[in-house]
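Shared between the two complexes below is chain A, which has chain B as its partner in the first and chain C in the second.
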Partner chain A sequence: MDPTAFLVAPLVIAGMSAGLAALISITDRYVNDYGDVVIDINQGSKKLDVKGGANMLVTLAESGIYIPSACGGRGSCGECKVKVNSDVGPHLPTELPYLDEKQMEQNIRLSCQIKLKADVGIEVPEYLFNIKKYSGTVESIRDLTHDIKEVYVNLGDEEVSFRAGQYGQFEVPPYDKIKERTQRAYSMSSKPSDKNHLEFLIRLVPGGIVTTYVHERLKEGEKINIVGPFGDFYVRDTEATMICVAGGSGMAPFKSIFYQGVENGLFEKRDIWYFFGARTEKDMFYLDELRELDSKYERFHFVPALSEPEPGTDWQGATGLITEVLDNYLKEKISTETPKEGYLCGSPGMLDACMSVMRDNDMAEEAIYFDKFA
Partner chain B sequence: MSPEINPLALFVASIFTSNILLANFLGMCSFISISKDMKSSNGLGLAVTLVLFVTAGMNWVVYNLVLVPLGLEYLRYIIFIVVIASIVQIIEMIIDRVSPRLYITLGIFLPLITVNCAILGVSLFMEIRQYSFVQSLTYGLGSGLGWWLAIMLLAAIRRRVEKAPVPAGLKGPGITVITIGFMAMAFIGFGGMLPVQ
Partner chain C sequence: MKMSPEYQKAQKNMEPGVITASGFLGDDHRPIIEIITEDEERMAQAGLDFEETGERLRELLMAGRRGMGEPVTVEGKWLVKTDETRGYLASPFEDGIFRKMNTVVEPVGPEHKGLRLMYSELSLHLLEKWHFLQGKGSPFRLEPDTMRRVLGV
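Coming up: the complex of A and B.
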């Protein structure tokens, strides 16, 4: 038998597949070429000539308009809402979970789910024009715990102004199998008065693109881009008692809020309870600094809690799940008379659990604030 | 040798007397799930017809001009599926461009046409019955139209059935399968009037 016979079948399959793949690429090239489109923002206040075909969120970011997006365009946070004035088709199933009836009626859309195929008119809040891409240099990286790093970025001459509690998109360059620049949202932990710096607390998430980069590759002196500031997680100007709950790197916005509080007299004005949960003592950080604030200000109460304290160590604080500790304090230690506001930062699971504890203790849902970075 | 059937007769036969759905029971999954809604049924019928027509032609060319001369007939299953998958991809892109609304209505069922048995079935019948190129085209187009007709009929009937007092245990797919059975019996009445092989 002719030995080449064995080659014929694989070659035919390979050849056919290659031919069809080529056909698909050619179609893609011509059919998916939407040419140049115009994005009209706020009825003519700004007009952008951009290339069509990509999603609106990315295209706007490329033109310097940064719609807030905590998930980076994966359709899982529902933050990147814009009002669309032209017809871009019905709402997609991926958008429905994030829109209520009123928003649907106004044709509010998730900009990350909308492919730009034709000229489109949108409306966004004017303040979004202030969001910028900052480029800075990593000034220091410090290990706070075995899996949380404090990254301090120097913005050089550039000044940033943000409200304590807001977040920025931290961008890392391509590495290994990651072929494009990737952004993820992290709350700023530096105080707003430090205008030339931004600080982030970044916990290693196994398999996370940005966190892995920060923990394994990021070096002091490296250039890094940050887009921001975003978010409406900031201290509301009331006299209500603040019930703050954080876990792990959820410490970040509160560090910023409290250090600003020292400067603007927040602790003299209202009662603040800060519950911070961790598993073991090696997951705890900033203990001394916060305890110092606690003893210095009468109206500031810091309650660190360990859910699994290691036996034999002399842990001085509360033990148990943060939700149990919170429930306990809300029922027994914190006055039930005064109005309260909830401020939460942590994993989605922790947020949901704390929300339900707060609701059960008669706190108004509208007065519970949080960012969902899922 | 190709059977001596007038391509036009084959066309009519594949729509009515040998309907791919009601005589051969192929392409049932999307038939049952999409027929809830007339509009989507119409869109899917169009898409299936388009894919059937194009793949029947493509697969005929590939089979008779590539596989047969090289003695690789046994590769037909793989090759047919690869061709169908690629065609569906291309049609998907075109529909997205031409009619985004239809694209959204069809949703997941458009890519699922790839694994619609009716599509592979037509290509395999074409090969088993040794149709000529023209016969394959008319058979492909006819089968597509037949499928389209059947799903529109079923969608219309289901709209009536919705208002009928159906026993609780038979609601949904149960009564639908029974309905399809009746439709198939009606179509079988025409069976054999026009030969297909």
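Coming up: the complex of A and C.
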């Protein structure tokens, strides 16, 4: 028997596989080549010539139009809605959980789920045209608690304008099994007047892609990208008493709001109550700074509360779940005569619970503000 | 072991980057039907029933929600932290969507140091309906022996 005979079968199979791969590649190139397409934004306000084939969210971002997306385009947050004026096919099952009947009728779509195959017209809020991608260098990383880090990013010569309370999308590079860059939304905690920097408070979420990266890998001096600013969580220009509630990294937008407040005289104009909940003292942070504001400004009241203070510690503040403390103060200590606005930052569960307490205490639901990305 | 088209589709959906960035399989590259079969045996060896275990873990998840993002001590036995973010995750079996809600359960006491379970609403659905505990190396893997020790069964 020819000693090379045993090679024939593998070589034939390898040759056939290579042929098939080439055929698939060529077919993909021609069949799935959608060529150039035009995205008409806001009926001619902007026209983008782009390459078809990718999803609308990514394609728009590559052209400098950043649609909010808390999940980074995975179809799991429902934030990246746009109104589509062209036929891009029926709503996909992945879109349905995020759309109500009226939105379906208006052909509101999740831009991350729409593949661009032909020219398309869309409508987006004009303010999105001002959203940019910033490249910065991590100037400092500070541990605020065992699971919250303060990340301060230097934008170099670039300047950013945002309203205190807004958020940005923090982008981290691929690592381990994560094969692509990933973005998540976090509120800015820095002062808007600090135009060359952005600061974020990032709490470790077990299993979270971005928070794990920030807590285990991010280093001072590292370059990172931030897209923003987004969001309509900001202080309304009224004289109503502000009832602010947060826990954990929900501190971020309030830090920005309060430190801007020092500069623009917010504390002289209106009463502000800030309820901040944590489990134990080791979960509390910025206590000294906030107590200093409390003692300096007569109309600013800081109410830190612990839900499970450790025995043997001399905690002098309020105890109980933050909703219980809030309820008690709304009933007993805060004037029921003055109009109030609610400002909330936290998990969906916390938002629901606080809104319920506020409603029960006759606060108007339309005057309760929060960011929906949490 | 042959897999039905339903399981084959689910296995594809469990790859990293399809539903979640890190996927559901960890370092385990076996067909999911093999993972499930082996875990059914290991659950039986650990003396755990899928339905009862799912129910208990769900009770702890919901108890953790009361903390609104902060950990809470439940029945004096467990420290439970439930994190919620907006939105939903689809089941890899394409049979439902689930709130993005992660829970970490740690038994209280120095003798249990380092022992913990991490799961989501979707993990519980996969456990109860499909007996799928995720692949070894997945951060959300529900190891039968770890569940037994954490729950104190």
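Here, the second predicted complex is superposed on the first by the 318 of 374 C-alpha atoms of A that agree within 3 Å, B and C clash if a C-alpha of one lies under 4 Å from a C-alpha of the other, contacts with A are read in each partner's own complex, and residues count from 1 in each chain.
Note that in this section a residue touches a chain if its C-beta (ideal position, glycine included) is under 8 Å from a C-beta of that chain, and two chains touch if they have at least 3 such contacts.
Everything numeric in this text was worked out from a predicted model, so none of it was measured.
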Contacts of A:Ala70 with chain B and chain C, given as first, second, both or neither: second
First, second, both or neither for A:Asp283, with chain B first and chain C second: second
Touching partner for A:Ile209 - first (chain B), second (chain C), both, neither: second
First (chain B), second (chain C), both or neither touched by A:Ala364: neither
Touching partner for A:Pro90 - first (chain B), second (chain C), both, neither: first
Chain B versus chain C as contact partner of A:Gly250, first or second or both or neither: second
When both partners are placed on the shared chain, which of chain B and chain C touches more of chain A: C
Which superposed partner A:Ser347 touches (first chain B, second chain C, both, neither): second
Common interface positions of chain A, toward chain B and toward chain C: none
Contacting residues of chain A [partner chain C, same complex]: 70-71, 74-79, 94, 97-98, 176-180, 182, 205-209, 247-248, 250, 277-279, 283, 307-308, 321-323, 346-350, 353, 372-374
Complex contact set, residues of chain B against chain A: 62, 66-67, 70, 72, 75, 78-79, 82-83, 86, 89-90, 93-94, 96-97, 100-101, 104, 107
Residue ranges of chain A in contact with chain B within the complex: 8-9, 12-13, 16-17, 20-21, 23-24, 27-28, 31-32, 89-90, 92-93, 117
Residues of chain C touching chain A in the complex: 16-17, 19-23, 65-73, 82-90, 97, 99-100, 102, 104, 118, 139-140
